[in-house]
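Next come two complexes, and both contain subunit A; in the first it sits with subunit B, in the second with subunit C.
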Partner chain A sequence: MDPHVSDPSAPLKGGPSKKTEKKLAKEARHQVISFVFMIFLTSVAFLTVASDTIPNRFAIPFILLIAVVQVLMQLYYFMHLNDRGNGWNNIMLWTGIFVAVMTVPTLMLLIGVIKF
Partner chain B sequence: MSQAYAKKSVLWDWLTTVDHKKIGILYLAAGGFFFALGGLEAMLMRIQLMFPELGFVSEQTFNELLTMHGTTMIFLAAMPLLFGFMNYIVPLQIGARDVAFPFLNSLGFWLFLAGGILLNLSWFLGGAPDAGWTAYTPLSSAYSGTGIDYYVLGLQISGAGTLIAGINFLVTIINMRAPGMSMMRMPLFTWSSFVASALILFAFPALTIGLLLLMLERLFGATYFAVDMGGNVVIWQHLFWIFGHPEVYILILPAFGIFSEVLATFSKKRLFGYSAMVFATLIIGFLGFMVWAHHMFTVGIGPVANAIFAVATMAIAVPTGIKIFNWLFTMWGGRIQFTTANLFAIGFIPSFVMGGVTGVMLATSAANYQFHDTYFVVAHFHYVIIGGVVLGLFAGAFYWWPRMFGYKLNETLGKWFFWLFLFGFHLTFFVQHFVGLMGMPRRVASYLPGQGLDGLNLISSVGAFFMAVAFLLFVWNVIVSVKNKAEADPWDGRTLEWGIPSPTPEYNFAQTPLVRELDALWYEKMHGNGKLKAAEPLDDIHMPNGSILPVIMSIGLFIASFGLIYHVHPVTIIGLLITFGCMFVRSIKEDHGYHIHKEDIQKEEGAG
Partner chain C sequence: MAQAEQVKHDQALPPYPEKATLEGKNKFLGFWFFLGGETVLFASLFGTYLGLRNGVADGPTSQELFHLDLVFYMTMILLTSSLTSVFAIINMKKGNYKGLLGWMWATVALGVAFLSFEIYEFWDYTVNYGLGFTTSAFASSFYTLVGTHGAHVLFGVLWISTLLIRYAKTGLTLTNAPKFYTASLYWHFIDVVWVFIFTVVYLMGV
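Entry: the complex of A and B
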C-alpha cells in the first residue's frame, strides 16, 4: 500500500504520471499567459491615466472595469478557485461580493457621495 | 506527542480550556451574568418610569442605564448565550469531536469577556456610555464623556471575539460534518447557526469600521462625523445599521433553530417542510442585509429610498410566515408533550407574530413618521427580541440542560417560571404600544402627570417585576434541580447530540457516527437498533492541548484600551506588545496536542 494512505508526511517516491505532467505543463502555460495579460492590463490602466487625451469621465469606469477583470483572473488562475473542493470558498466569496455590490453603492447614494 | 494530559487545578483547567463544551458553558455563565445585569438596569429604568416625575435616578444615570441596558442585552447577553448553545450543541449535532479551530474558539470567548468587563467598568470609572446603544453621532462624538470611549473599545474587542467565533462556526459546519451528514440532513439549529455565522462574517466588519471611525474621531481628532469640518453624521447611522440590522437576524435565527428542534422533538414528528425551512432561513439572512435604512426613514434619505427599503423590509415577513406555518404544521397531528421547553416554543409563536405585525406597521415608511422614537418602537423590538430570542434561549436551556449539565431542570418550577415570565412580558410591553401611540417618546427619563400616561406606565413597570421574579425562579430552579440526574436521552430525542452518553465525554463521539437520514438518531430508533452506526473503527483520538494564551491576549487588549481611553500611550504600547507577543509565541511554539488511547475510551464507554 502507498505509505501516504497511513502517513501523509511520508516522503514521496517516483515521478508524477504522464497525465499529471501534462496538466502541470498546461497550468504553467496558463499562468504565464495570464501573467503577461495582467501586466498588459496594468499598463493600459497606467496609460489611461497618464495620457491627457482620455477624459476622466471615461478613464475612471474603464480602470474599474479592467481592475475587476484582473481580480477575477487572480482568483481563478493564481488562487485556483475553479479547482475541485473550492465550492464553499466560491459560495462565500460570491455571496460577500453580492452583498457588497448591493450595499456599498446604495450607501454611497444615500449619503450623497454619488448622485443620480 | 505528549502522553496523558496532566490534570491541573479546576480554575486553571477552565482558564486554559479549548474544549467546545466547556467554552459553551463559559459563554452561558458569562452571558447569564450579563443578562442579569442588563435586567437589573431595565428594572431601575422601569422603577423610575413607574410614576410621573419620579426622582428615583437622575437624568444622566437614566441615560447611562438605557445605553448600557441595550448594549449589554444585545452584545453581552443575547449573543453570548446563543454562542453558548451553538458551541455546545452544533459540533454534537453534526457528529464532530470539536470545532474547527479550538484555540480560536477560546480566544473568541475571552475577547468577548474582556470587552464586556471593560464596558461595565465604565460604571465605576467616570460614568457609563450615555448616548444610547446606537451611539448616534454627533452626540457620541462631540458631546459625550469618556463613557463612549469605553463603548467604542469594549465593543471593538468583544466584536473581534464574535467575528472569530462566527468564522469558526462556518468552517466547522462546512468541514467537520460526520459521514452522511449532507447539508440537507443538518438539524435546523445547525442550519440557522450556519446562516447566523455567515451574517456575522458579512455584518461585523461594518461595525468594526464604524467603531474605528468613531475611535479615530474621539481619540485622535479625526473629523468623519464633524459637520463643520466637512464630515457627515449620517455615515455613522448607516454603518451602524448595516451591521445592526443583520445583528437582529444573528440573534433571531439561532432562536428559530432552537424552536424547530424543540417543536419537532415534543411533537414526535419530523419538522414539517424541512427544505422550505432551510430556504426561508437563507432568504431571511439575505434580506436582513438589504433593509438597514428602515431604521432611518425619518433621517431624510428621500421618498424613493424610503419606498424601496419599506418594500424590502415587508418582504421579510414572507419567509418568516413560511417558518411560522411550518412550525404550526409540525405540531398539527403530532403527539404534543407540554414540557417547559415546548411551552416556551409554543408561547413564542403568538408572541413573535405580534412583534412581526408591528414590524410591518413600522416598515410602512409614511406611518413610521408617527411611530418613530416613541414607545411603540420599544414595544415592537422587545416583542421580537424577548418574544423570539429570550423565549428561544429559555426553551433551549430547558431542552439541552440535561445534555450540558447532566441533570434535568424541575418541570413544575419551570412551568411556574414560564407562565410568570410570559404574563409579565406581555403586561410590560403590550401597553407600551399604546403609550407610544399616545406620544410618549422613548429614551426620556420621566414624563408629566395628567397626560394619560400614568396608569399604563405603572402597569408596564408591574409587568417588569413579574419578569424579574420569574427569572429569579429560573435561577432557583438551576440550583435546586442539581439532584435530578438525567439519563443520556431524556426527551426521546431525534438528533445526534442525544446519541452519546451523559455526561458528554470530552471527545464527544468514541467513533464518528454514520448519518443515514435527517434526524439521524430517530432514524436509527425506527429502522435500526436505536444506536448510532459508527463510520470508523475505534482508535486513538487526537485532542488539542489547552492554552492560556487567549486569556493573556485578551488582557493585553484590555490594558491597551485603558491606555487609549486615558491617552497614556506607554500603557497602550505595553498592552499591544503583550497581545502581539502572545501571537508570536503561538506562531513559533509547536503544539501537537495529545492522544486519548483506545483502551481508555473502551473503559469509559463500557462503564458509561
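Entry: the complex of A and C
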C-alpha cells in the first residue's frame, strides 16, 4: 500500500508482481473449487426435498445445515472475509448474524407458530 | 472538461487496488457495517415469514404454489452470477480492466435473467393461482420477503450497470477500484440471502 498516492484518478498501469500473480491464481482455483462444491450442495438440498423417501424430520435440519455451510463458503472464499486485516468486517458481520439468530426464533414465537 | 488537458501520470498497480487509498479502505469497512445491518433486516423478514407461513386463510398454500424446477433454475443463475463477479474482481487485481468490465456485464445479464424468472413467478401466482398480496398472512409475508430480495437484485443490477457505463472508458483507477469491489460484495450478499430463501421458503414449503 503506497502512502504517496498522488492522483487517485490516474489509470493504473502494469500487472501484478510475480508473487501477487501466484496468489491470485491460487485464489481463483480455490474459488472455482468452492463454486463447484456449492453447486453440488445445492443439488443435494434440492434432491433431498424432491425425493419423497426421505422423511421431513431428517430433511429439514439437513438442508438447513447445507445452507449454513454454503453461506460460510460464500463469505470466506467469495467475499474474502478470511483475508488479513478484515477483523472489523468480521466483527460487524458476526454481530449482524448474532442479532439475526435471535430475531428469527423471537418473531416465530411471538407470532405463535411454535408453542411451548 | 479541463481535467482532460491535465497530464496524468500513470501509476503502478498495487496488490490491493480497492484498499490502496484511505477512502477505499473506509468504503470497504463501511460497507461491511451496512451488510451487518442488512443481515438483521432480512432476519426480521425471515422471522415474520416463518411465523406466518401457515396462515393461508382461504388462499392457496405453499405446497400448491411452489415449483421446484423454477426455483432450481433461479438458484443456479444466481450462484453462477456470484462466480462471474468473483472473476471480475480477480481480473481487477490483475490489472485487466477489459476483463473486469466483461465479467461484470455477465453478472448484470445473469441478474436480469434471475429477475425475469422472479417476475414471471409472481405474475403466475397472482394471475393463475389468485395469490394477491392481501390474500393471506402467508401471501403478505412471502411477497415481502422474496420481493425485498428481488428489489435488492434490481438495485444491484442498476448499481453495477451505472458503474459500467460511467467508467466504460477511464481504465482502472484507485477511485473506481473500491466502487467495483463494494458492488461485487453487495452482489455476493444477495446470493447469500438467496441461499436461505431457497432453503427456508421454497424447500421447506414444498
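Everything below uses one rule, namely that the second predicted complex is superposed on the first by the 101 of 116 C-alpha atoms of A that agree within 3 Å, B and C clash if a C-alpha of one lies under 4 Å from a C-alpha of the other, contacts with A are read in each partner's own complex, and residues count from 1 in each chain.
Here is the rule we go by: a residue touches a chain if its C-beta (ideal position, glycine included) is under 8 Å from a C-beta of that chain, and two chains touch if they have at least 3 such contacts.
Owing to the predicted nature of the structure, the values given are computational and were not obtained by experimental measurement.
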Which superposed partner A:Leu107 touches (first subunit B, second subunit C, both, neither): both
Contacts of A:Leu24 with subunit B and subunit C, given as first, second, both or neither: second
Partner touching more residues of subunit A, whether subunit B or subunit C: C
Partner chain in contact with A:Met92 - subunit B first, subunit C second, else both or neither: both
Shared subunit A surface residues [contacts with subunit B and with subunit C]: 88, 92, 95-96, 99, 103, 106-107, 110-112
Touching residues on subunit B, where the partner in the complex is subunit A: 170, 174, 198, 201-202, 232, 234-235, 238, 242, 289-290, 293, 301, 305
Subunit A contact footprint on subunit C (complex, rising order): 3, 8-17, 19-21, 23, 28-29, 32-33, 35-40, 42-44, 46-48, 50-54, 68, 72, 75-76, 79, 82-83, 86-87, 90, 93-95, 170-175, 177, 185, 188-189, 191-192, 195-196, 198-200, 203-204, 206
Of subunit A, residues touching subunit C in the complex: 1-2, 5-17, 20-21, 24, 27-28, 31-32, 35, 38-39, 42, 45-46, 48-50, 60, 63-64, 66-67, 70-71, 74-75, 78-79, 85, 88-89, 92-93, 95-97, 99-101, 103-108, 110-113
Residues of subunit A that touch subunit B when the two form their complex: 88, 92, 95-96, 99, 102-103, 106-107, 109-112
